[in-house]
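One chain, chain A, links the two complexes that follow: it is found with chain B in the first and with chain C in the second.
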Partner chain A sequence: MTQPSGPIPARNFDEIRASCGIVFTDWSEANDAEIYAGIDISDLRPMVARLVENGCRLASVFAEDRTTAGSGFLLYHVFESLNDRRYLLVRTSIPVDTPAFPSVAAEIPAVNWQEREIHDWFGLVAEGHPNPRRVALHDNWPEIHPLRKDFPIDTVLPPFEGEQHLYRPTLGEGVFQIPVGPVHAGIIEPGHFNFAVAGEPILYLQLRMFYTHKGTEKQFEQLPVNRAVYLAESISGDSSVSHGTAFCQAIERASGIEIPARAKRMRTILLELERLYNHVGDIGAIANDVGFAVANYHASRLREFILAVNEELSGSRLLRGVVCPGGLRHDWEQQQTDHCGAALNRFELEFAELMRMIDASDSTRDRLERTGILHPDKARDLGIVGVAGRASGVDRDLRRDHPYAAYDEVSFQVPVYLEGDVLRRMRVRVDEVWQSLGIIEQILATLAPGSHRAAVPPLPPNCVALGTVEGWRGEIMHWIRTGSQGRLERCKIKDPSLNNWPALVEAVEGNIVPDFPVINKSFNLSYSGTDR
Partner chain B sequence: MIEQVLLVFFHLALVLLLSPLITGFNRVLKARVQTRQGPSLVQPYRDLYKLFRKGMVIPDTASWIFTATPFVLFVTTLLASLLIPTISAHAPLSLYGGVLAVVYLLALGRFFLALGGLDTGGSFGGLGSSREMTISAIAEPALMLAVFTVAIGAGSTNLSTVAQSGLGQSWRFLAPSQMLAFAALFIVLIAETGRIPVDNPATHLELTMIHEAMILEYSGPYLALIEWAAAIKQLVLMTILVNVFFPFGLSVDWSPGPVLLSLVLFIFKLLLLSVVVAAVEVSNAKMRLFRVPELLAIAFVLSALALVSTFLFQG
Partner chain C sequence: MLNMFRKAAQTRLVTIGYPQTPARVPENFRGAPYFDFSAWRDARPAVEACPTGAIAIRESEGRRWVTVDYGLCIYCGQCAEADGSGAVQITQNFELAVRERGDLIVTAEYPLETDGSQGELAGLHNGSPSGGDPLEPLERKIQQRIHKVLGRSLSIREVDAGSCNGCEIEIGALNNPVYDLERLGIHFVASPRHADMLLVTGPVTRNMELALLKTYRATPDPKIVVAVGACGISGGIFGRNYATVGGVDSVIPVDVFIPGCPPRPHALLHGILLALGRMEQRILTARPASADPA
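== the complex of A and B ==
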């Protein structure tokens, strides 16, 4: 395991603010996790450039419609600094009569899709965007901007059909296009992959997502908070606890409540169980995609093991309906946690055996090593997060960098590799399985009886808050603005898949077509989480 | 004459009925190792029955080649099966051709299968056909050289003669040339029947397929013919392996007693070979596509060595 050393000394936001010479119109610490700063729209691009020069990472860009409150549109750039547990949210005001903002996608490709989403959903033009085509609403959609407040959610659009998207043409002798999807052979979600190939080697991959766009962010604005939790849990079916927890953390922060210690620890266990069942499933799936089916079936058996623990603890194999604002819906009996501990001990032994089997298979290693390399420089530039990032030298993990739940009580390692191939993405998962087992063990040892749920006061209106969770896939963000009568004015969701799809494009380049499925599987991104 | 005709029919029935069993047995074995219950032994028969009763979807872009392919493939494979000795050293049609005919009947079927994959203009069919041809271009010479090795030993390319000559000398398979040729033919068997590490018959991932990619557009009875032909081809290749290298117990004529014993032994030997194939399949990952030619090159080198050692150790 190697720890890459960043060339830029990490500093906290206060030091950066004092030294970088950016003029912020205001600067306020909303709570111990968020700083809100305002900036004039003309200073936006220099500000982003200066912060990035100072080692900050632009984690997300999103907008909200405040025209009903008389402040036009607001644009937020969310920054993270390695040496600061807080996030910096820089707010830019966009007047209604000039609905445009300066794009930074040319310098920071990580926000390419996010800026185009803002264009599609709010009608705010990303000026200077290198590829200003539609992304979230496909080309055949009428000219609508559904996240604007004057767009009623029950609008019935006239029927439209005929996808008109123009792919980059594939030219040259012996160069062909292979269109794959959006409907695939397995039981997976829809996405279109357009390969340009010269024989078997892939020259270029073009992606098309958002086939399952459901207007989730708009839907959040309609629901009372206690029901919105269920919606958060279903943003990406395999990350229900992570998304649910991120959402609840935002609500709790907006309400200004602290959840009981027991609830924090229980959430930590659930989050790690979710990581466990997904990682084990993925390790098997990667082996399966190179034709090593035996390992897959044993991994499936182990995944089932964890699912049984999930059911024992929560009544739901996929951990739905578990978290709620203030803590968890149900407390656990001593018997349940004992069972969980015993089951995980058995799991540990069997997992070690599974890994011995996979490690002993030279033919599997031959397929995985140096396949689908995502170079660390590209991973950093594209803002790749989570498992895929850590396999390519991006040493970020929210559990360590921005601790939530009970992660500041436990010790664990963050595995980081520099090679960035399929094997290392699998290795990161394997290492994290061991770390997760250790975390659960530490928590179980300290899980003292107590309250599992704090009372949540009525939601105060017009509060903003951010909830972040390191889901098993990577960084999940929920940003909310509360409205009247316990509802939300805006809920922005950022799933790690949204960051990571472009990584797939880079990783497959130069590989051969039959290796694509295993490369794709090593990222295992969520279509539903991307499309929302 | 009547006897000859009856013999052909008996032989056809044997090959048609036995081939899906081998496929089923292979799947059962693999399922057990994978801690699965898996489909039953007779599932391939059920699949064929189901497919024959189903309707077909034929792409608008398909020409007569698409329609002709399943028939050509099925008939050529079945004809090839009549040229090899199964439960008697006398193959029913052995007078009409030897091992060259077997190899090229199979090649004709594959040629049409590749055309059928290309015919509809779908991107996966083309992928599959190009991969299949790449692999067969190397698998074929390896197969030829290996069978020549045994043919030289027997002094004939007629497989019946080859099997008969082996009957007299039960320990012949221990000769270096025979062992090398067997190893080469085993690799060819893995490649030609689309098994791991060359191809994954169980995958749903179109982008990784070889054989399955060519037949993606086929459905219903046409698909049944192609699947059945694939099972027969597997049986043909396995039969060559077991009967040419281990012919003991093979009946020299078609008299009922020895033939029955021969049948039992034949099935036993086939199942044993299936176990070996399944063992290779479950203990390996699929090779990267560009490594497959290397594997087949090994088969080619092995068969070349076999041929050379035939002369070296002849004395």
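== the complex of A and C ==
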């Protein structure tokens, strides 16, 4: 049971269901993007195996507490198939008196952290998990399961005692460890990296994340939906629009509304602006980490171009407070979009010059090529998504595979490389900058006047819905269950970084410590998005 | 190499002159909301719309107290939209940093009308119920001495104690050629042991509490702590929950608070320079020029 490789049979979920020999109950198409089906817990492992053999990818695993509704716990395995625009969410009931489920992490390492998260947050044991240690709560936390309904969010836990995490010992003659973090040397988020090194090369890296765990998923259950959008924007500060849009799409699906064409196009522009400012910043930062400071200064200047466009269009440099359920909070005047188009034309010229400067530097290429290689097989097995996946042969992009907003109206290419090194992770970004500029240009040319916001009816209770967005890092998922009085019973958030951190561990192996910063930068993962 | 010089010559100077020259911010920028308390007749729509509870009301015995906390505000502008009466307006004011947490909190007192609206403004109080004490003469002397020691050249250690990374993006922007912090003699250092100032973002998580405390202890005296962003000041939209302890001042003493979500780079500069005594604190409730009837 490994994730699919090579050519994948052209089959959709209905065909797979008919031929896989697994008995699903309540197979139902909730909308044009989601299929829900139930399964008996004893069939869970064979079901996952059969679907994966049939070319499906296990995108996420999560749980919810339905004990107050008398349904125990529910576990969801989310699948995608290359030839189906819908997601399949397979639901398994877990009775309260046997809080456990069979793990598939040994066969599908992509869900390693996600299964352990379920254990930490709900107290459901992942049976047969190869490494059933805590992940989302640190070792010194008391035995609590905060996402259970009977756990009050404002619980004040006593002072913690003992170690936050026990690392695998670093043994052997001449082998030593370098602990780094959680407070890092740069202006970045907190996490702990524990390197085992022999001389300069890294033998292995142990990660400890979740330093910024702030109870976000539980917090979603407290706020009315119109306020929860702001929480979604604060999941990962550099992906405000992506997370905000994913959340709003889930709300819109649950409410059964379609947003106006203009709103879809405006969202597309905002999502691409977010990609642009992050990609150009990363390109500069990668150059900077191998000593090319001049390129970084130009790149950060170009990034300010985009941030100014953001502010012109949304009132916020980081595009906060712009998306809302039903569309966007404010419409744009003609002069705002004109300004956007003119600024991007200037950006385009300058970006071409920047890339000529970087491409002309042999020493930069020398440092980036064959550095921090993530082999395509590993990328596939670990379920790596987004930029890092596409640099290692994972040809996936939600904008093309599960179109949302106005992505089905525009043409664009999805860059894919097989080498999986830092250079290719940078190249994917460079190619995507050009594609983003093309997408915005196409949208601006067709942006007709119209409504920018649809009325959103009161949220119907007990509806489930998924919102997905290809953020600039990769696949973002928000899954909600609505509750009463316009609130949410559950909001599950999956940031692409949650998939991708293990890739960093693989990519640094055998590289020298001084190359770690550039390798890390080439992934540029979100700590807050992971930790929530 | 020649191309690089040519490019530099073509690009010319891009660095802003702030604070020597006033900042130019786009017309659409959402800065601080201005509340015309004497004209405000009903705070309830704004309270209902506020995502973080930065606008709150308390009622008792025919009186209503409306409290606005600029340290909890995420500057989304929903209050002005929901209010609609013109008593709440979004301004472009971003110089919001203050020395006392209480300076960010304003409470207006009104008699309560029978229809639930507010009567004539009966009083306006600045400061939180507990805090906002003015500096004692000795404390002021110490502060002046610190400004003298640190005011001209400053080393900052940034600490993310649980932020969403939004504040880090804007703090990082201070190093770019547009904002160029070093022109003011200020730079970021890699270790708290080299730092004069800790620039801390939040909300402080339970998992970062100890690391923040250790970083504070590792920073040599005299030192300045600046709390950045709504979350760093008050916990922001995350508030206090099982995983967070709220603002930075619940773990270490804070000298200056910089509101925003995130604060734009100019606002960060204002706060840092305020902490050094090189800029002045503004009065948040002052009527901005843009709010005057034309």
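Details
Criterion: the second predicted complex is superposed on the first by the 523 of 532 C-alpha atoms of A that agree within 3 Å, B and C clash if a C-alpha of one lies under 4 Å from a C-alpha of the other, contacts with A are read in each partner's own complex, and residues count from 1 in each chain.
Following the convention adopted for this analysis, contacts are C-beta pairs under 8 Å (C-beta built on N, C-alpha and C of every residue); 3 or more make two chains touch, one makes a residue touch a chain.
The structure presented is a predicted model; accordingly, all values stated were derived computationally and were not measured.
Three-chain overlay on chain A, with chain B and chain C fitting side by side and no clash. Contacts of A:P179 after superposition on the shared chain: chain B is touched, whereas chain C is not. Legend: residue contacts after superposition of the two complexes on their common chain; A:W434 is shown touching neither chain B nor chain C. Contacts of A:G321 after superposition: chain C is touched, whereas chain B is not reached.
In the superposition on chain A, contact is made by A:S363 with chain B only, not with chain C. Look at A:H298: by the touch rule set out above, it reaches both chain B and chain C. Taking chain A as the reference, the larger set of touched residues comes from C, when chain B and chain C are compared. Contacts of A:T155 after superposition: chain C is touched, whereas chain B is not reached.
For the overlaid pair of complexes, the smallest distance between C-alpha atoms of chain B and those of chain C rounds to 5 Å.
For the contact definition in use here, the residues of chain A common to its chain B contact set and its chain C contact set are 185-186, 294, 297-298, 301. Residue ranges on chain B touching chain A, taken from their complex, read 30, 33-36, 123-124, 127, 130, 196-197, 200, 202-208, 282-291. Taken in their complex, chain A has these residues touching chain B: 176-180, 185-186, 199-200, 287, 289-294, 296-298, 301, 361, 363-364, 366-367, 371, 512-517. Within the complex formed with chain C, the chain A residues making contact are 138, 141, 144, 146, 151, 153-157, 160, 164, 182-183, 185-190, 210-216, 218-219, 223, 226-227, 229-231, 234-238, 240, 294, 297-298, 300-301, 303-304, 307-308, 311-318, 320-321, 329, 336, 353, 356-357, 360, 526-528.
For chain C in complex with chain A, the residues that touch the partner chain are 3-4, 7-8, 11, 14, 25-26, 28-30, 49-52, 74-78, 81, 157-173, 175-178, 188, 190-192, 203, 205-208, 210-211, 215, 231, 236-244, 261-262, 264.
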